[in-house]
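For clarity, chains are labelled A, B, C, D, E and F in written order, and residue numbers in each chain start from 1.
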């Protein structure tokens, strides 16, 4: 297990120096869920059937938040993202909404935090839009699904939730 | 179950009009966790023993993010927050870090989203600072613990995870 | 005709001091249009029939931009907006999209700029989303429709486009 | 007429993936006007003779807004702009102020939105600074004048307001 | 000497809870200087004689930065500022530019940081605009001149640079 | 002495066009100090011995502010910073805190303003955190220590405070 690259020799927080890294094509995908009552999900589904606004609003909030990642996470580098997608699926088994986000960049550092930030803010937006009817919702299972590009190698979460390197 | 206050008659997203609400004292507390390997938690604990930077950085990121809530969540009102606290505790039982945030305001609308946003961004910051050693971490259990002030009444999550109104 | 309140005695830009003004209920409504080819409008209408995304995205962009007004317009005061609405209507007569926005606040200064900023950014967002098929679009007719509250009295634009005070 | 590149197969809003595009030199010029009473224009001209603050403030607001374009327009990519200019001219024929903005970048996507955003916010700033004496002003004729670089070819608006490709 | 109100019992950074404080009228004035070569000052003076842009740009940058104070200083509360002024004076004795800023608010906490932030960013902007001809400039003497309103009493710096309470 | 590159032929503020410049590796280091009473410094030192929060908070504020430089300084270009470090040292000789910041980028323009902005905001944050016990503090000696990369050549401030080119 390596040391924490965000802590320097004296243990103080710092931005990792990526200036010597080559700019390569990088991609990351993350997911998360908002668990809610079945009635709350039904309400979103009904609203969505008409205008799609809960999901549409959450999708845009996630995309816009990904562009603010370096402004939210203190030691993240600013990145010129080339793509962000946020997908939302209603899931009766949860019951709730499943959010998946993918970020891409050609740059010197990875985009895991951008994908995770997009997921988190999309989930928060769903919470905000239905909290009037269900304060007991829970946001969870926010995690990295896959990552490619960069020196540390590719990563893909396997189904058992443990890591594998394909 | 009431309708979704963020969707108007035509089902379109809009900011709820709070102009007729009185400005009252409001407070909300939320929590969340970052689950990680025991070795990762040990690394944070050791770093924390020296300089406290992982937890200190996450605490500040959470506080600063709470002030950006209305910039992240599309339909949230801007609020002049009077207090934000973010507390972090290492928890061997998870294993991982437990984050709790409280927001206060004297205003026309509640601060649940500010507390939840502080928790989410603090969790993302922890993830960012230790991701080099543990990409399999998971952020979860982000939920409202308590809420007071405002027309909709007080809320307190009971231990079983279901709602109660004290 | 009064002098320009944003220019002080020496002609230098400054924020008007509103500290002595009472906090009153204020509202402003503004409108604007995006003129485009009839085929472009048809494309938006067809897309809208399916998912409503062009109009939905522009609506949210306008709402979020209203909250950033003081960050965009150098001498605007920060305001705790209590409501923002953005409405979009397809108009075959233009042909194009007509955007209307209303902002409300209880504060010491008016919200004309917030309504106008919401309209402007909603129009820019429509432009962005369909520019790939129509670079000749034109944004125009951005103007204040009505304003109430505050010392300067109410304002309502009459049909001939000249001012009246009802 | 091509399809709308901002809408994916399912009609949902998304950021266009530009990661496969080469970084080329791109430029865009846009314009717009603020129409006002002749007396209002005279007031700006008189103030401008002394200190230039209305036009100077609007110029800076436009430049700074161009840098925020990706934060305002939901599906715009963040770009490392290499140049932004905003020019303002008093025009007795309108009567009013004519605003022209040019943006340049070496990047994977065009800068039309940056030029149009600079124009829009400069116009809004002019409105803000003289609204105390003229609430009937109108912002209009915001449009792309020219664009170069990128796969879609160059664009130049001809005098009749229709498109031509030189 | 009181303890540090930003550090809680455990020594962790937190925002001070101002929710129990009354909203009172508060004002703060701060100053600072940019020291430079006499030739550099002459260049600003000559430029200023024509268009006033170095000073005009710095003034606006200071005003806009004051509105961002809570976004820059981690533990500052967001405030609805009612006034910000930034004044700049060329001073041959330095030689350089002297910057003074005043902020006002009706709120629960003071505006020293807003005044100091306005001064700092105005000074940085001056540095930026003339750095091509003088990299040896120095920004200094940034300090609070006066403060009124709030529980801690009024403050006015005396000429000797030590504090007095009038 | 060259002319001011931020002023165009007509003396109006504009962003310098860097589009023709090659992207080279650039670095800048700046410093500044916060002078305070010896008792205030002792208080920071005591707090720091326990949890390091004053210095830790200032360090993060400086790092985050460097990423906002183009949003604060009107004519600065947005840059994809590859590294920012902020170091703080308690100095009994001042007495006070000495702040040093270094910024790196591979880009078309220098990073002096990023380093100077990091220093300034770190100093302001220190002021904010101890102002309750010492309102007479002074921020000063903010200056560029060294700069490398770019057409204008390297710069290193010598001990006498005058410039030299090594």
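In the analysis below, a residue touches a chain if its C-beta (ideal position, glycine included) is under 8 Å from a C-beta of that chain, and two chains touch if they have at least 3 such contacts.
If you're wondering where the values come from, they're calculated on a predicted model, not measured in any experiment.
Using the contact threshold fixed earlier, the set of chains in contact with both chain B and chain C is A, E.
Centroid distances built from C-alpha atoms place B farthest away from chain D.
Summarising the inter-chain layout, the chain whose CA centre lies farthest from the centre of chain A is E.
Of all residue numbers used where chain C meets chain E, under half belong to both copies. The two sides are thus made of different residues. Chain B and chain F have Cα centroids lying 32 Å from one another.
Averaged Cα coordinates give chain C a centre that lies 38 Å from the centre of chain F. Chain contacts: chain A has residues 12-13, 51, 53, 56-57, 60, 64, 68, 71, 74-75, 78-80 touching two or more partner chains. Contact topology of the protein chains: irregular, matching none of line, ring, star or complete. The complete set of chain-chain contacts reads A-B, A-C, A-D, A-F, B-C, B-E, B-F, C-D, C-E, D-E, D-F, E-F.
Here chain D touches chain F in the complex through residues 25, 56, 59-60, 63-64, 67-68, 78-86, 104-106, going by the rule given at the top. Only residues 51-53, 56-57, 60, 64 of chain B touch chain F when the two sit together in their complex. The residues of chain D lying in touch with chain C in their complex are 1-7, 10-13, 32, 39-40, 43-44, 47, 50-51, 53-54, 56-57, 60-61, 64-65, 68, 71-76, 112-113, 116-117, 120-121, 123-125, 127-133, 135-144, 147, 152, 155, 157, 161-163.
The touching residues of chain E, when paired with chain B in their complex, are 12-19, 70-71, 74-75, 77-80, 107-108.
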